[in-house]
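Paired with subunit B in one complex and with subunit C in the other, subunit A is shared by the two complexes that follow.
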Partner chain A sequence: MSQYEDIVVIADQIQNDLRPITFELLGAAQTLAAKLNVKVRAIVMGHNLGSIPQELIHNGADSVYVVDQPELAEYTTLTYRRAAISVIESFPRPPHIAICGATTLGRDLAPRIASHFETGLTADCTELDIGDYEHKGRADPSKMGTYNNCLYAIRPSFGESLKARILGPWKNPQMATARTGALIPFPTDTTRTGDIIPIKVKFEDSDFRVKVIETVREVSDALDLIRAKVIVSGGFGLGGAEGFEVVKDLASAFKESAVGSSRKAVDSGWIPYSHQVGQTGKTVRPVLYIALGISGAIQHRVGMSNSGTIIAVNKDEKAPIFQFAHYGIVGDLYEIAPLLKEQFKKTMAS
Partner chain B sequence: MKILVCIKQVPDLETRFKLNAAGDWFEEADVAFRMNEYDEFAVEEAVALKGKLGAETDVTILSIGPDRVKETIKKALAMGADRGAHIQDDEPHRKDPAQVAAMIAAYAKEKEFDLVFMGLQSQDRGSAQVGPLVALNLGFNLVTTVVGFEYDSGQVTARRELEGGLKAVVKTRAPAVITCQLGLNKPRYPTLPNIMKAKKKELLTIPAADLAPGDALNIVERAAPPERKGAGVVLEGDAAEVADKLIGMIREKTGLI
Partner chain C sequence: MGNGYKMAVLIKQVPDTSSAAGVNPDGTVDRARAKRMINPFDKFALQKAIETRAAHGGEINVISMGPPPALEVLVEALEYGADYGYLLSDRRLAASDTLATAFALYKAITYLKDVDIVFTGLQTTDGDTAQTGPQIAERLDVAQITYCETMEIVNGRIQASRIIDGGIQKLETAPPALITIANSASRLEHKKFANVHMVKKLSRDKAEMERRIKTITLDDIGAEPERVGLLGSPTVVGKTWKLGEKGGSCQLFKGDKPSHEVELLVGAIKSDGKGVEEFVA
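Moving on, here comes the complex of A and B:
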């Protein structure tokens, strides 16, 4: 038996649909657990969860703690907080590590859990690791000493110009939220087995101070950015809705392609939300990503920086996208995109 | 009706950052600073609400940092806020989100704010933790990632942006903390007369130590520029040449041809 406690993963589900981040968290948790020789426990909260607990086992959870009650049908900070804390406090000792998605759910919930346990939380991590730490007492002399097998929470800072390793080794659970698309999911194995433990939570009237009136799905068309091999995306630099004609035209030259967009173009009403790539849109990993008139703000970058090859066309040579695109062209997208399409078609035909 | 808006001054993200000697932050010389983009929506929402509810609504802008953050507070005052509170802290980057939230809550306690607006996250550190923790510390209701907001005699109705194109409409009562997502509104530009007026508005400075931030729960052990994944080639020449070169790259790197 390990001297360390298990690792907890908070499953991310909206309307009984497990978000992809859940599988990535389970993958990362299994890697960390192997280093500590401990197990991975998932916590899932919701109502009428059906086969979701089993799905968590198949995707890397060694056991699943299930809170399935009508009060949890929709996410609210206070009800989910109470449920998560009740489960964690049913353990004899706090887990060594607890991780959540850097999603609207995780970012809302994790600070409240961390605060309850008076422990630190590192948000939006892109890597998680285990390692030792020697505190030399720069900030807190009373905590001087060596801390073994801490959570290394690694995350980008300043629009990704710096990468910081952040630790909070003083108290467990050591906590982090992780970005979608950054961690490697656990390979699904439908023969895996594990304990599914139902937990009943008693809520208080004060837990219902924020009420969800309705949850609406914005109309989404058939395109599937997540599965596309080639994505051509347009941003604010297009200058107007009609600019997306050029984007669509270039995309149509490639097989299995889709049209993406930056948030700013969606906010400007040039294209529906379903095309949005980025922090609050979709996280994509195509073979080829062509960004037309996209500045490359952090909001967009986190959704596409794992693409195989990134080509950026932008008039502004200072646009941040040139710091991480594999190929950058400082120039007029309206000149380059049609030529690129023509050349590509010619090449494919020959 | 009293509204608090918490704003942050952040480095311009187009800056090329150089690490400082301690290895936990960047060199501030030659870096331009501006208002965190998310906070512009928070200021606008507060000022627009004041416009609707009338002059007895009082909007306070709070910001933590060294002297330079006063410039950002003044911008928010020029957008239409009434007064500023500058929490003087020369090393705000050494504070973790729990400490920042503790300082804001210590300031706001007993001032009877009805609403607290702030950006969903900062552009530089992006922890998105301060809003939830301020709400907890003050015992206020919390609504995060807000893309639509209405207020009517203490009743808050807000649209939250969730993943996958979902939006949740939630209702709660003031006092509440609201964290603002990009696109919530259209932040106004301060006019010249308002910039002049802002210079005469109250701007108090409070030493950070007076607000007892407590100990850090987290430390930045080290920071480093990330390894570059791409070759970062800049292609030059006229459009036809560039298109030709790109075809070569696509052939070589992607297997699509």
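Moving on, here comes the complex of A and C:
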């Protein structure tokens, strides 16, 4: 038996579809759990969840707490808040760590849970780890001391070129949300077994203050950026919205590809926010990332620097993107993008 | 509602990292030298409040927590059309994390009394957490709508659409509520001459200025000092380090024959053996 409590992962599912972040959270949680010698408990909320609890076990949960009730068919902050808090409060002691996705769901829900428990929450982490911490701050003597096996919640900081390790060992659960694409998923193993524990939650009238009128799924053939294997992104260097035609055309040369963009291109109104890669957009790690006319500001970099191969095309040889791309071409993207399309087909076919 | 809605808009002053001033060569920010601006996300929140007042009447109270220079963002908000500003400024607030910040702002909102709708930006550009809004909503025990793109009030009900992963959710609730506005919502309208003129006059009328913009402290809002700042923050920054520069590892192709450079580049990627060819259509 470990002296520590288990780790809780709050599953991210929309309309009975487990989002990729859930598998990444389970992967990270298993790594942390091994260091603490504890287990990973998943909490999943929804309605008619079917095989989802099993799927969580196969992907790294040691046990699954299932709240499957009609009130949870659609995500709302207050109903999911009630369900998550009820499950966590049903444990004899607070979990050591609780993690959620830094998704539109997790970023909506996690702060309410953390505030309810009056505990610390670190947003948008790109790494999670376990380690010791000595607090020397003289301004708050009550916190002084050495703390073992704390959650290290690591995130890019303040839109600057810094990473920060955030700690909150004084209160459990130590909480964090993690960015999609940043953590390594647990390898699926369909022979894994674990306990599935149904929990019945009692709601209050006030939990239904917000009504869902309609959920509209984006009608789009474009693969979700996060799942794409190849991403071609355009930046301010495109010079206008029509530049994205060139981006799309190059993307069409690849399978499982998607179109991304920098924040500046989104801010200029050239492409919707859902395509934005970077600190205030999505974090991606495709096999291949091609950046067309993107300078490579830190805010973009933190969202894509873990891509397998990065190609940058920019007319400015001094652009920061050439400091972290694997390959770069200095030149006019409108000339080079079609050549790249042609050459990839030619070279890779031979 | 006869008198319209009493609204609070939370805004923060952040360093302007798009300006070269105060940004060190390695990308870190020297806050003392950096230019200051309204957190760009908060402008979308202010716009929603302005639209709501135009449709239903009411008053817009802008609240900012920060050191004395943050007064600038309140003055600017009045130029954009806000009615009143509150600067929550107190040395004991220094080093507040999101939980402590949310507690202080929650107390400031209750100090204003009977606020119907709280608007915030989705997140700030310096903290980038998007946590403070929902944490305030939890303290206020009100409904929240985050990532809101559009909203209107019909027969006293807030009808809003929010971005979710893979789509849009249309929601309905009644005030009181806290709404965080996404940066894909409508942009803040230009300052109106009349408002700019009014603010200019305020600078010469101390009494009127103090009626429009108040500086308040923890004592005014009744916030216990041990629940804010360093003491009230459950998290600390343990360590920071610079993102490793991979400088020099980029294989750069340049020359006057782009087709040749492209051929060399794609050839190099193929011989890398990282599996890119698998995804060529």
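We take it that the second predicted complex is superposed on the first by the 246 of 350 C-alpha atoms of A that agree within 3 Å, B and C clash if a C-alpha of one lies under 4 Å from a C-alpha of the other, contacts with A are read in each partner's own complex, and residues count from 1 in each chain.
What we mean here is this: contacts are C-beta pairs under 8 Å (C-beta built on N, C-alpha and C of every residue); 3 or more make two chains touch, one makes a residue touch a chain.
These numbers were taken from a predicted model, which means no experiment stands behind them.
Using the contact criterion defined above for the overlaid structures, shared-chain residue A:224 touches subunit C, although it does not reach subunit B.
In the superposed pair of complexes, A:186 makes contact with neither subunit B nor subunit C.
Using the contact criterion defined above for the overlaid structures, shared-chain residue A:163 touches subunit B and also reaches subunit C.
After overlaying the two complexes on the shared chain, residue contacts for A:216 are found with subunit B and with subunit C alike. Applying the stated contact rule after C-alpha superposition, one finds that A:318 touches subunit B and leaves subunit C untouched. Once the two complexes are overlaid on the shared chain, A:252 sits against subunit C while remaining clear of subunit B. Once the two complexes are overlaid on the shared chain, A:19 sits against subunit B and subunit C alike. With both structures placed on the common chain, the touch criterion links A:345 to subunit C but leaves subunit B unconnected. Under the contact criterion defined above, the residues of subunit A that touch both subunit B in one complex and subunit C in the other are 14, 19, 74-77, 103-105, 107-108, 110-112, 114-115, 118-124, 133, 139-140, 152, 156-168, 170-171, 209-218, 229-230, 254, 267, 273-274, 280, 287-288, 298, 308-309, 311, 322-332, 335-336, 339-340, 343-344, 347-348. Interface of subunit B with subunit A (complex): residues 11, 13-17, 19, 24, 26, 94, 96-98, 123-129, 132-133, 136, 141-145, 157, 160-173, 181-183, 215-226, 228-235, 239-240, 242-244, 246-247, 249-251, 253-257. Those residues of subunit C whose C-beta lies close enough to touch subunit A in the complex are 17, 26-29, 97-99, 102, 123, 125-135, 137-139, 141, 143-147, 159, 162-174, 182-184, 230-231, 233-243, 245-247, 249-254, 258-259, 261-263, 265-270, 272, 274-281. Residues 14, 19, 74-78, 103-105, 107-112, 114-116, 118-124, 133, 135, 137, 139-140, 142-143, 152, 156-168, 170-171, 206, 209-218, 224, 229-230, 252-257, 267, 272-274, 279-280, 287-288, 298, 301-302, 308-309, 311-312, 317, 322-332, 335-336, 339-340, 343-349 of subunit A are the ones touching subunit C in the complex. Note for the complex: subunit A touches subunit B at residues 14-15, 17, 19, 74-77, 102-105, 107-108, 110-112, 114-115, 118-124, 133, 139-140, 152, 156-168, 170-171, 209-218, 220, 229-230, 254, 263, 267, 273-274, 280, 287-288, 297-299, 305, 308-311, 318, 320, 322-332, 335-336, 339-340, 342-344, 347-348.
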